[in-house]
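You will see two complexes here that share subunit A, one where it goes with subunit B and one where it goes with subunit C.
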Partner chain A sequence: MEAAVSASALRRTYERKRKDAVVALDDLTLSIARNEIHGLLGPNGAGKTTLVKILSTVLLPTAGTARVLGHDVVAETRTVRTLVGLVLGGDRGLYDRLSARRNLLFWGALYKLDARTVRRRADALLERVGLAERADDPVERFSRGMRQRLHLARGLLHEPQVLFLDEPTSGLDPVAAVAFRRLVLELRDEGRTFLLATHDMDEATALCDRVSLIDRGRLLLTDDTASIGRILGDRECVDFVHDDGTHAEALALLPEVTDVERLDDRWRVHTADRDGSRRVLAWLVERDVLTARHAQPTLEEVYLRTVGDRGMRV
Partner chain B sequence: MRDVLRIVWQAVILGFAEMRRVYTWKTWTFGWLMRLLCQVTFYALLGSYLGDPHLMRYVLVGNTVGLACLESTIVVISLAGERAMGTLPLLAIAPAGHLPVYLGRGLQWTTTGLISSMVGWTVLPPLLGVPLPWPRAAYAIPVIVLVVISSYGYGCALAGVALRLRGVEWLVLNVAYGIVLTFGGTNVPLSFWPAPLRAVLEFLPLVHGLQAVRGILDGAPVGHVFGLIGIEALVGAGWYLVAWLSMDRLVSVGRRTGTLDYAG
Partner chain C sequence: MTYLRVVWQAFRLQAELARRGPQHLLMLLVTPMQTASLLALTLHSHRPDALVNAVIAPGMIGLWVAALDYAGRVVPEDQWAGRFTPMVAAPVPLTVVVVGRVAAVVLVGAVAFAESWLTAAVGFGRVLTVAEPGVFAAAVLATCLAAVGTAMLLSGVIALSRARDVLQNSLSYPFYILGGVVFPITVLPAWVRPFSRVVFLSWSAQLLRDAAHGTVRHWAVSLAVILALGAAALAGGMWLTRRVVDGARRKGTVGFA
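Moving on, here comes the complex of A and B:
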């Protein structure tokens, strides 16, 4: 089946006066299947927003091609625009003085929806995103989470098949973020495809079928979210929580243990193979360490090891 | 066409909603409108101070019609706000295109401009002792409407500058209407200015409309008045064309250079 979104050798540079051009995307090749939620992870300045901008036709690529549902984003701009929805994060992109309903009516007119259709869809979407009771309140009175839900409603108004979400839950409280993620999963179940640019590893883990890590405009890896820990090798791990390091020291002497490391809130024991993990688990249970569990490297660990400490730098 | 009108209508609703952030009807009437009427009165009284009743009417008429231009150009601020609100890229990728939005985005200012000018037109002359010759003064009202329309196009065109150079919208606005009101024949006849400057003034809104208004009040030949009205309309159309090209280029260049930011 044809990919919902594909990019091939996509490159984008920004020219600067009297300085070298900045390479925002560097020969990036990526494919997103239909009905997939694809996470795009990377530090600030990695090129996530640039990719979203190109795919949503806000920005032209310098070289390479990108297609949405088979349509070239440069040559078939008008078609692509009807097929995609762009959902921004944060406070921008909405008219604060208008009510939620009026915002949707405004954007509905820009998407050439007739008055009756846009009213019907606006009502249905406001109900769906939980804003029906505040539909006629000015957006300036909305919390961050409510704004974000309205952003999503705006992005869905013309019923796009592909949605690009750019940092959609940045600044949301945990409850609002969970509600937002639930909504995205529901929409995926209806057949939509999502590209989610985010910093949030929990969000990517909770939502994404696959993730791509990019840095300095280059694609570092793409893999299934559930099994991305394999990227760090077939290492077996056992995690456990214990107050002091006596067990850790003892475990380090076992022949099946290759390494013991202290993580933020727990110990991690690396073993040579699955049997080794089994023996370590048994060893810990015998000593009443009931917090022990078999573990694989998380997405966050993969990210940190792949991207390194670039996360704080732009 | 229906799509365009619906977009313009939605933009008008947005414009008035934003206007209500700045004014209530009371603060507009007793604050802004009073301020404008005082401004017109001030200039008219300067004419009176110079001891020439004709000059007083000249300045009074010029500044009253000038209000229509002044307020219509405030569209610069409304349009520049699209970048600050992060809506510019969303407008740019909307299938209906972004241009119809700009057409309706500042129409609230044309409404208030027309109201201000009409209040000045009807209230100030008798109050200051220089009554206008009715019903001829009524015939001038459609020309003032035309000045509103041409000035709005001028404002839209200059909004293109304000959208490109961030943070200069108030400077652009003040320079835009300042130039028109200073050189456009409101207080000083065009003949006062050197010929090269007069040639440039031909391309400004208000200039020919105001001459037409004066012509109507003075009983000038109909053909002369209609000629001036035609030129005012052409100048206005020219500014709309400049606005259209400027905004379209803003988006096409923005897509190429990456200046269609989400953020302000």
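Moving on, here comes the complex of A and C:
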């Protein structure tokens, strides 16, 4: 089956006055299957927003091609626009003086929906994102998180097959973030495809079937979220929390242990195989270290290792 | 048909924005003062056209201010507020939305005509009677339509320009003069007159004055010219607005982030 989204050698530069152009996307090739939730990760300035904008037709690529459900984003702009929904994070982008409902009614018209349909969908969506009770309040009285929910409702109004979400949960409270994740999963069950740009590793781990890591406009890796730890070597390990290094030193002497590593908040013991891990776990439990667990490198670790010691540089 | 619905929705949106943000209506406070000043200046001159002028000029100035100041702000405000990007992402062209919003803005300007008439009638006891009401009404209507087209053009020019404020400040008086708004263009130097013939206001002003005095000749021609100039401006404005969108997609300068 044809991919929901495919980008091929996509390139985008931004001209600057009296300086070299910025290369925001550098021959990026990426494919997202239908019904997939695909995470887009990368440091500030990596090119995530640029990619989302090109795929949703608000920005033209400098070179390369991109297709959404088989339609070229440059040549078939109109078709693509009816198929995709764009949700930009943040609290701007709405008519602040108007009510949430009025904002949606106006937006529905931009998607050529008739008044009855928009009204019905607006009510249902306001309910779904938890804004039903505030539907008639002007948006200027909304908190940041409430605005973001309204953005999401707006992006869903025309029932798009493919959704591009750019940091949709920055600023949502934990309860709202969980509700948001549940909503995304529900929408996926309805058959929709998602591209989710985020800095939240837990969110990406919880939601995404696959993730792509980009930096300086280049694709560093794409992999299944569940098994992404493999990228750091196909290794067995056991993690545990302990205040001092005595256990670590003792463990390092065991024959089944290949390495012991100090991570930020815990120790990591690398073992030769699954059996070795089992024995290390038993060894730790015997010594009352109940925090011990069989571990795989997390998405965050993969991210940190792959992007490297960039610090604050962009 | 869908686009007409979008225009209507955009019109309603703008009307609601105006209702909730009364600064949109501020200009209507100025109109009675303009009428009053013009009347006070000319009341004792015993010129027969004094009253006609005092009523018509503030009306047309109201339309122009609406077109220039308020309509010119429609696109830039969407850009500043981060609404431009999600709007471009929608399948309906931004141009269609802008037409609807600009039309609503200009109609607020048209209220200035009624206000001006009332100021003269109630404030000064000078009721403007119109010799040919049919032509007068048609002229007002055509003038409003042409003002919508012109507002669209101004909106496009302002959205494309880098010097918005300068433009908005400098595009008023020259057009009041060229448009024969405050005094008839017959008092202008001969070499200026051809320029004023492409400003719809000059045709409107003359037709409105003639209809009030009962000295109308060739009203159909005048109406046709007013509407044609308005239509040309509308087409130009829509083309420019499309260029604003194309430019943003190419340069990536106007965005949300």
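Operating definition for what follows: the second predicted complex is superposed on the first by the 313 of 314 C-alpha atoms of A that agree within 3 Å, B and C clash if a C-alpha of one lies under 4 Å from a C-alpha of the other, contacts with A are read in each partner's own complex, and residues count from 1 in each chain.
We take it that a contact is a pair of C-beta atoms (placed from the backbone, for glycine too) under 8 Å apart; a residue touches a chain by one contact, two chains touch by 3 or more.
Given the structure is predicted, the values throughout are model-derived calculations rather than measurements.
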Quiz item: Given the superposition on subunit A, are subunit B and subunit C in a clash or a fit?
Solution: clash
Practice problem: Answer with first, second, both or neither: which of subunit B and subunit C does A:56 touch in the superposed model? | Solution: both
Exercise. Classify the contacts of A:46 with the two partner chains as first (subunit B alone), second (subunit C alone), both, or neither.
Key: neither
Quiz item: A:78 contacts which: subunit B (first), subunit C (second), both, neither?
Solution: both
Practice problem: Answer with first, second, both or neither: which of subunit B and subunit C does A:107 touch in the superposed model? | Solution: both
Quiz item: Both subunit B and subunit C contact which residues of subunit A?
Solution: 12, 14-15, 49-50, 53, 56-60, 78, 81-82, 86, 88, 90, 92-98, 102, 105-107, 109-112, 115, 138
Quiz item: Tell me, which parts of subunit B touch subunit A in their complex?
Solution: 3, 6-7, 9-11, 13-14, 17-18, 20-21, 85-87, 89-96, 101, 255-258, 260, 262-264
Self-check item: Of subunit A, residues touching subunit C in the complex
Solution: 12, 14-15, 49-50, 53, 56-60, 78, 81-82, 84, 86, 88, 90, 92-98, 102, 105-107, 109-112, 114-115, 138, 154
Quiz item: Where on subunit C does subunit A make contact in their complex?
Solution: 2, 5-6, 9-10, 13, 16-17, 20-21, 81-83, 85-92, 97, 248-252, 255-257
Quiz prompt | subunit A residues touching subunit B - in the complex, by the definition given at the top | solution = 12, 14-15, 24, 49-50, 53, 56-60, 78, 81-82, 86, 88, 90-98, 102, 105-107, 109-112, 115, 138, 158, 166
